[in-house]
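By written order: A, B, C and D. Residues from 1 in each chain.
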Amino acid sequence: MTHVPLRWADMDAYGHVNNVVYLRYLQEARVDMLFVHAPKQGAEQLAEGVVVARHEISYHAPLHYRAEPVRVETWVRRVGNSSFDLGYEVLDVADDGSRTVYAVASSVLVPYDLDDAHPRRVAHEERLVLESFLELDGPEPGKAAA
Amino acid sequence: MTHVPLRWADMDAYGHVNNVVYLRYLQEARVDMLFVHAPKQGAEQLAEGVVVARHEISYHAPLHYRAEPVRVETWVRRVGNSSFDLGYEVLDVADDGSRTVYAVASSVLVPYDLDDAHPRRVAHEERLVLESFLELDGPEPGKAAA
Amino acid sequence: MTHVPLRWADMDAYGHVNNVVYLRYLQEARVDMLFVHAPKQGAEQLAEGVVVARHEISYHAPLHYRAEPVRVETWVRRVGNSSFDLGYEVLDVADDGSRTVYAVASSVLVPYDLDDAHPRRVAHEERLVLESFLELDGPEPGKAAA
Amino acid sequence: MTHVPLRWADMDAYGHVNNVVYLRYLQEARVDMLFVHAPKQGAEQLAEGVVVARHEISYHAPLHYRAEPVRVETWVRRVGNSSFDLGYEVLDVADDGSRTVYAVASSVLVPYDLDDAHPRRVAHEERLVLESFLELDGPEPGKAAA
């Protein structure tokens, strides 16, 4: 769980946090997980290079600037041989436990060897760390259609 | 088709255009289609308010800063009663016709009444304009998994 | 004093926080002072509309992404009839009190009537609030030349 | 002279191009001058590393999003031993020659050796190229005060 502070300039001309900026929030949450928490547990390489192969995001409620950070829950959805998936939920949780969900998202990430400029396999220790964040029944981005 | 100029600051610390910035390019292409081209054809309301309900994007090749703009093809994939889908391809096309595809994406968009702060139905004239951009067999974002 | 968290994407292709992004940090500190602290003291209008007329900033040391926020000290340098000046210092203060200054800046701000789209005079209650933040001998942006 | 295209997201919640974004436009104009035009004339090193030591900018009129790029005039104001100054004007020039000036700015730039992470002197060939862009009587950022 990461608390991401909003910036006033995250709002667009409609006065809402712009849809693109949510991906920045996911990036911050991902950096927090992969650069800060995972290395503590022994997956230093993930902090060196991970490339985004895919994003999927659904927007559920508009978000306005306020001084309080927004909460981003981040978890691992899948660990493959050469990629893994993260899930995210951008939300507020009130004192009484009620939740306002702003967005749900998922990403496919590929470990990358920056020196060789080539994708690489998920290493054994990385798999162990990633699996410690595994959650199979988290929310998924909605498939809106009407 | 829109030509979106890159900005030097679109690159991140890895020296690539950051994955989040591609969504900015899609936004520019969308604004060009909905605010510039569609109104000329009679769908002024689309330019007033359209909300993003969903994005899906797959990344296929890294993009580096250069003086030349990148090409974004944009088309309509579906027109529903209260939403429609856009497809996008971010690419270079060389003089000999060869293509380098950087990303493929799709979005679900919802016409929105900004005064009422409520989603609204796709109007008849909007449907006609959107259908003139319809392309059913365009590329779709890849489903990477390994 | 505001603690502004960095974002990973604040870094440019050189791996430093880009010079433009410092102005975002100043904006955050200004919003914190004018939208959050000043209204509490009775200058609600400042939070409605203030336009930037001028910025001056000197850069003293490179800043790299880290999980810890950077400190921005903000103070009032001058209160005029139709504008006022803010001073800022972007810095780290270590536990032993030693300081690393990244940038020093100042801005000229103009109270603005958003409905009329016109500058307006500094109101009496605003002057009182702004003067409570007054500091005449703060650091000034350097005048580099060689 | 550089034509910088605006992006829709350059606007903030007030519906104006945000004051911070103007610095992005200056950065684009600078990159165009130092990375594109100067190297053609023999100052390749300037394109490798130049650090911003100082910015000064005054804002003269609000800028709104439109499909047409905005013009940024850039010139050299001073060439010193270890730094040089650029001047900029962000403006529109109408067909009848009338000018709308949005901002006037100046920057102090320091040639930088990225490998050594140290400032370096302006080389002889760089001086020649920079002096070809020299303009001593260009506009200067205003000193607003009232």
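Operating definition for what follows: a contact is a pair of C-beta atoms (placed from the backbone, for glycine too) under 8 Å apart; a residue touches a chain by one contact, two chains touch by 3 or more.
Chain labels with UniProt names: A, B, C, D = Acyl-CoA thioester hydrolase.
Nothing here was measured: the structure is a model prediction, and the numbers come from that model.
A.B. asks: More C-beta pairs touching across which pair, C-D or B-C?
C.D. replies: C-D
A.B. asks: Using the average of all C-alpha atoms in each chain as its centre, how far is it in Å between chain B (Acyl-CoA thioester hydrolase) and chain D (Acyl-CoA thioester hydrolase)?
C.D. replies: Computed from C-alpha means, the inter-chain centre distance equals 31 Å.
A.B. asks: Between chain C (Acyl-CoA thioester hydrolase) and chain D (Acyl-CoA thioester hydrolase), what is the gap in Å from one C-alpha centre to the other?
C.D. replies: Comparing mean C-alpha positions, chain D (Acyl-CoA thioester hydrolase) is 22 Å from chain C (Acyl-CoA thioester hydrolase).
A.B. asks: Between chain B (Acyl-CoA thioester hydrolase) and chain C (Acyl-CoA thioester hydrolase), tell me the centre distance in angstrom, where each centre is the average of that chain's C-alpha atoms.
C.D. replies: 36
A.B. asks: Mark out which residues of chain C (Acyl-CoA thioester hydrolase) touch at least two other chains, giving numbers and ranges.
C.D. replies: Within chain C (Acyl-CoA thioester hydrolase), the residues that touch at least two other chains are 8-9, 18, 20, 24, 27.
A.B. asks: Using the contact definition from the top, classify how the chains connect: line, ring, star, complete or other.
C.D. replies: complete
A.B. asks: For the complex, give me every residue of chain C (Acyl-CoA thioester hydrolase) touching chain A (Acyl-CoA thioester hydrolase).
C.D. replies: Of all residues in chain C (Acyl-CoA thioester hydrolase), those touching chain A (Acyl-CoA thioester hydrolase) are 5, 7-9, 24, 27-28, 31-32, 35-36, 67.
A.B. asks: Quick check on the complex: what are the chain C (Acyl-CoA thioester hydrolase) residues that touch chain B (Acyl-CoA thioester hydrolase)?
C.D. replies: 8-9, 11-13, 15, 18, 20, 65
A.B. asks: Looking at the complex, which residues from chain A (Acyl-CoA thioester hydrolase) come into contact with chain B (Acyl-CoA thioester hydrolase)?
C.D. replies: Going by the criterion above, the answer is residues 14, 18-20, 23-24, 27, 49, 51-59, 78, 80-83, 108, 110, 114, 141-146.
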